[in-house]
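Chain nomenclature is as follows: A, B, C and D, assigned in order of appearance, with residue numbering initiated at 1 for each chain independently.
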Amino acid sequence: MNTLQEFFQTSPVPPNTLAQGLWWIIGLPLLGAFVCGVFGKKLGRANVSLVASAAVGGSLLISLLAFWAVNDVRTAATSAYAALRTPYTLAVDSGTWFAVGDFRVNFGLQVDHLTAILLLVITGVGFLIHVYSAEYMSHDDGYWRYFAYLNLFVAMMLTLVMADSLVLLFVGWEGVGLCSYLLIGFWYSDAAKAWAGRKAFITNRIGDFAFLIAAFLLVTLVAAFESQATRANFGFPGGSPTTFSRGLDAQGPLHFEALKTFSRALVTNPTPGGAVAAVTPDTPIATGPLKDFTYGGVLTAVLLLFLLGASGKSAQLPLYVWLPDAMAGPTPVSALIHAATMVTAGVYLFCRLNFLLVFSPVAMGTVAVVGALTALIAALIAFAQDDIKKVLAYSTVSQLGLMFMAVGMGVFWAAIFHLVTHAFFKACLFLGAGSVMHGNADETDIKRLGGVGREMKWTAATFGVATLAITGVLPLSGFFSKDAILHGIHQTELFGLPWVGPLVLRLGQLVAVCTAFYMTRLFVLTFWGERSPEARAARAHESGATMVGPLVVLAVLSVVALVYGLNLINGQPVMENFLGPVFEPARRVVSALGTVRVEHGPIGVGGYAQAWALALLGAGAACFLYLRFYPTRAGQQAPAAVAAVRRFTQNKFYVDELYELLFIKPLKALSFVLYKVVDALLIDTVAVRGTAWVTTRVGAALRYVQTGNAQAYAAVMALALVGGVAYVIVRFLTP
Amino acid sequence: MVPTSNYLLLAAALFCMGMLGVLVRRNALVVFMCVELMLNASNLTFLAFARHRGDMTGHISAFFVIAVAAAEAAIGLAIVIAVFRSRGTLNVDDIRTMRH
Amino acid sequence: MRVPSIPAADFLPLVPAIILLVGACVLLMTEVFLRSPSRGYQAPLSLFFTGLAGAVSLSSAFEPARPVFQGFAAQDPFSSAVTLVVCVALGLAVLTSSGFLRSRNAERGEFYALMLFAASGMSLLAMSTELITLFINIEVLSVGTYALTSYLRRGTRPAEAGFKYFILGAFSSAILLYGAALLYGATGSTKLSEMAVVLPAALAAQPALVYAGALLVAGGFAFKVAAVPFHMWTPDVYEGAPTPVTALMSAGVKAAAFAAMIRVFLVLGKGMDPSVPLALFSGLAYLTMIVGNLLALPQRNVKRMLAYSSIGHAGYLLVGVAALFVTAEAPAGDGFRFFGATPLLAPGLSEVAARADALKGLLFYLLAYTVTTVGSFGVLAALERSEDEPKGTAWDLDRFAGLAQRRPGWAFAMAVFMLSLGGVPPTVGFMGKLLIFRSAVDTGLVGLAVVGVLTSAAAIYYYLRVVVAMYMRPAPEDERIPVTLSWGTELALALSALAVVVLGILPGTVTDWLQQASTLWLGQ
Amino acid sequence: MNAEVVLFYAFAVLALLSAGMVIASRSPINSALSLVATFFFLAGTYVLLLAHTIAVLQVLVYAGAIMVLFLFVIMLLNLTETEGERAKVTFGRVAGALAAVSLFALLALVVMGVKGAPTAMATAELARFGTLAALGQTLYTEWLLPFEAVSLLLLVAIVGAVVVAKARI
């Protein structure tokens, strides 16, 4: 064990050398995108996919080195904001990007444990999906555009996770949104798909707007703190007001180290009642546009705005509606962008800003409750969906809700753990769905599939493994990650909001049952049973090796990722130990402010059993319903009178009907109502379409003021002048 | 002595009459003449204030305005001719191919 | 009689304008003496003079500010920066012109000469510090652009555009002049430096006269910068003018007019109740941002869409102008601030520093907008076919369908321009917006920043529609490739796309330079 | 009531009347001739304001040169027909008329605030005020820059006019 540890703690490339090469992780896919986009048509199909895959593959190799290097004991980055060294962080700073007065942003990357894990997920899953796409897109004319966008997306996503400041993160944030928009609309053929792209676009802009305002507020907040903070605030090792100011001058206030130092200084208060009073979260701001608000209050507002931003990108209430519609794009895109990587950006954002989030129990509670409600609503809606990709899309929304729950309750490591396992099994599910569509003449309606498992053995097997994983059956990774979340929530209590934890926990357990149910339904209806008579293709055909290969790898990964959840190191799960340094600042804030109370305890066998029972309950119910109950009723369209008699005579049927009446019908109705009212009517029609409609109408109406008559234009000018002069008269000539 | 404000009032009246002409006349050439009227009203204002203050700056300004008016007339009349050549009318209501 | 002596050194700041003037005269002469059928030399020749003028203005950018010609003009970093922006716009416009004109068989020395004349007017306008000089220079650039607008006379559009521009332009000049006359009456001078001295007394005696004059002058400037409600000529004129001229108008004229407006109102604002210019420019900025962007939304004619978008961008620039009039203590009773009225400046920011920041943001935005918009008009110029012009379909969105397959380079450049206009990182447009909004937040104009961010979010929608058309719609089958290939266009597109991306990723050098220039000018 | 007052009111009334004719008359030729008349009456008021040189220039340049150009264009384009009898009443026209009238009311309020009569001047000063010599001396020394700028403007206007009015390009 020790040798193994030592092996991993000695990077083959010296960390300082590697830090200089971090640019290549982004640069390679960017180069790939350039080559594919500009020369794609001339290169030909095979070369384009080779270039694109090789670019991501190369990026994966460097990411592996980086992952290795962050474990190296020699690795540390110097902080410009305090005389400290941040251990286990690779950082490179290329100097000033731009400066506005004393607001400065540098161009720099950093890789710590959190980023390293995400790098592996993005490049790893990305690489597999590139390989898969080579066959999947083999019949499409726009393959070079497709690979160019896909490479560009990978580059942008890598920028997002490697950014060392909120500004560069925002560049990636916008970039992935743009690529997603381009890829959703890749097959623009009808108005519905065009609308899907537009909807994704509008909802994301709402989120981006909130993000920007939050960032602006944060800059103002740090500036206010800089002018107000006292020496007492910097009573931690290496801290001093001058160093902090010098750091702000050198790297700017939106660098993550700046925010980290800010959070640390805000909770440092060595001598309560000492000579110099320290600024605390309850201190009102003295100067500037935010005067008289408290630091804590503004931080809460900032975090809630970030939540709105994250809801847009990560498809949470109320901005989740775009994700199911985004399934209009090619399936590998759904797997990469709308399941594994981009949609987790919101989770990443909060984990990155963990030290700010824990300042505000209100914000944490809101994040947790929003996540829980999203998870439940999406899971319920997934019940009644018949489109294989729509089910998976709602399932993604639901799983993201689980991650938000974990983030909101401060169990950051579990959120990241679930993010990783989810990336594996959901990518596997999506690619499996793509394979099913590929082999069944692009059929997506699960009611018209059935029995596919017999012809597509590999697809069925991998899909099955992934289904078990997401369901949370014991030996698979999904079980561990989901259980880590629920267990973590169970142990946590938010200060002042004791009801949030239990509520979220119960909702989470309910979501687990629902997940098991609809995923089992999906699997059973697609792969088992008889082939539907309405099927488009009489026989399915298994996909080729380049499509099955990634499926197998992802299925294996969704099993072996469980290693992260085992208590191997210091009695902690591997993932928790690994991410320890990243969430250390949050722990420091929590221990100073007491915003979150954690009772540590190992996961007992009872907890495991409970979780397993929940999964089995849902899965069992689905198996019963779709394997036994519905098939026996198939074709029984008897006349009403006969049916009534039989219902009364055949006891079994009577029970069944009652069961259906009491349980299935209301649930289905609820699912339907949620879908129709909340999703389709309220959010889609009123909020999204309504905004677009109103602005376009107003624009179109204003347009007709533009009559083309020069005199009318002059008249408008004259009227404006009259108004202005009248104002002057009223203001200065009336006594 | 006539008070300065009377001169200024006359100028304001001429300025607004010019503006009225620009806004209501249909013939492009007449619209242009009304702009000239507005420039003259400004000149009168300059001269009235110059006399009021006993300062020659207003005179020089008026001199330059006359020169500018000449330049504007040259280019403006050329454009009016071009418009007439391209559509055979100088009616402002008809010069509106581009709109909305 | 006192005869003031004007030292030879006073002519130094005029050198860029004189170079442009000499260039224009040389180009006029070539038409007379070099009667060769090929006029391929004219664009490089104009480019040479433009580059020379730009280089000279760059070299004098860090000279300390000083008045020249008895206070009729000023040599300062601000005027040098604006002249440089004008030269960039002119150079790119000249590059796109050569191919555009040649394909219409209309390449003449007069065209380039008029462009250079107009640009020298812009350069002179940027340094004028006396109302009559200012008025004359506005006329120089206006008369040049009037003529350029109706330079091509196929169909009815160019003459119509020229007519509308001329009649409304003359109308607005008359208004500006009347305002200047009222200001003269109130202060007894037309020199800004002398007015600044007398203004407090004049305001005490006759406030209505000063404010009415200032308002009329502001109206005249608002016309030139296309601020709502003085914007209505913009779409019609931009549509009808030859596309390279539209490019010059949207970038160069706007830059020069903004420069003059800032100069005049910085002086007038000193004596006034500071809430008046603040309210004036904030109000204009709100209206311009909202109306300009809303009007662009339903446009399918890309040229008109860009015209409306240029109105929207004037709105963002006006946000920067409003930020220039912030004061350390709060003016009483104005409703243009959101988020609490008392503390205006961000902590640790002095009034001068805040103004320098705002000015830097403005200048950077002007530069950013110039390279982006001239580039996008360049693509438009290369794509339009002269036979479509009379029908008005030359700029329809459908012309862009499938451009990515036919001309991937152009499509890429256009996509970059559209993203930059929309303010998507990492382009120069994003950087410009960031600087402007940041300084608005710093000066407490949060409402303006919020509306700015919201409208630019809405604006992305119509910009991306062009990108979607280029990359996602199939090219029309029957159409032959309708391009006018010329080295000038290719070079202009490559240069401006490169500038958009490079300045977007590494704006550091330029912002440092502008910071230095702004501080140098305002810090005195 | 001295001669200046009488003359001022005479010129003012006549100028306003002829300006009204510019706006009201149907034929462009009548408008142009009324405009010439307005310029003459204005030149009269300039003389009352001791702006002799400008008055002369007004007659020479405005009435003499610019208006001849207008008349020439009217003849060239053969614009002898009168405007249509029923001028279309549009929103723009009504709003414009309202705006012009109310702007006059407002501007009148503003300029009425200018109190007092012109400055009294010493005889020597009065002898120079508004003369060609005084104007020329300032113009060529102090006002050098705008003077050069105006020459540039005239050059641009000539080139522009030639370009625009030239036959098809």
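We adopt the following convention: a contact is a pair of C-beta atoms (placed from the backbone, for glycine too) under 8 Å apart; a residue touches a chain by one contact, two chains touch by 3 or more.
Predicted model only: the values in this text are computed from it and were never measured.
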item	value
Mutual neighbours - chains that touch chain A and chain C alike	B, D
Taking each chain's C-alpha mean as its centre, the one farthest from chain B	A
Comparison of B-D and A-D by number of C-beta pairs in contact, larger one	B-D
Chain nearest the global centroid, as defined over all protein CA atoms shown	C
Mean-CA-position distance for chain D and chain B (Å)	7
Centre distance in Å when chain A and chain D are each reduced to the mean of their C-alpha atoms	70
Gap in Å, rounded to a whole number, between the CA centres of chain C and chain B	26
Chain A and chain B, separation of their C-alpha mean positions in angstrom	64
In chain D, residues with contacts to at least two other chains	90, 92-93, 96, 99-100, 103, 106-107, 109-111, 113-114, 143, 146, 150, 153, 156-157, 160-162, 164
Chain A residues counted as touching two or more neighbouring chains	703, 706-716, 718-719, 721, 725, 728-729, 733
Multi-partner residues of chain B (each touching 2 or more other chains)	8, 11, 15, 18-19, 22-24, 31-32, 48, 52-53, 58, 60, 64, 68, 71-72, 75, 78-80, 82, 93, 95-99
Topology of the chain contact graph, where touching chains are joined (line, ring, star, complete, other)	complete
In the complex with chain A, residue positions of chain B that touch it	19, 22-24, 31, 92-93, 95-100
Footprint of chain A on chain D - complex, ascending	90-93, 95-96, 99-100, 102-103, 106-107, 109-110, 113
Chain A residues within the chain C interface of the complex	37-38, 41, 95-103, 107, 145, 170-171, 174-175, 178, 181-182, 185-186, 188, 197-198, 201-202, 205-206, 208-209, 212-213, 216, 219-220, 223-224, 226-228, 286-292, 695-696, 698-700, 702-703, 705-706, 708, 710, 712-714, 716-717, 719-721, 724-725, 728-729, 731-733
Chain B-touching residues of chain A, taken from the complex the two chains share	703-704, 706-711, 714-715, 718
Chain D to chain B touching residues, read off their complex	4-5, 8, 12, 15-16, 19-20, 22-23, 28, 31-32, 35, 38-39, 42, 45-46, 48-51, 53-54, 57-58, 61-62, 65-66, 69-70, 73-74, 76-77, 79, 83-84, 87-88, 90, 92-93, 96-97, 99-101, 103-104, 107-108, 111-119, 121, 125, 129-130, 134-135, 138-139, 143, 146, 150, 153-154, 156-158, 160-162, 164-165
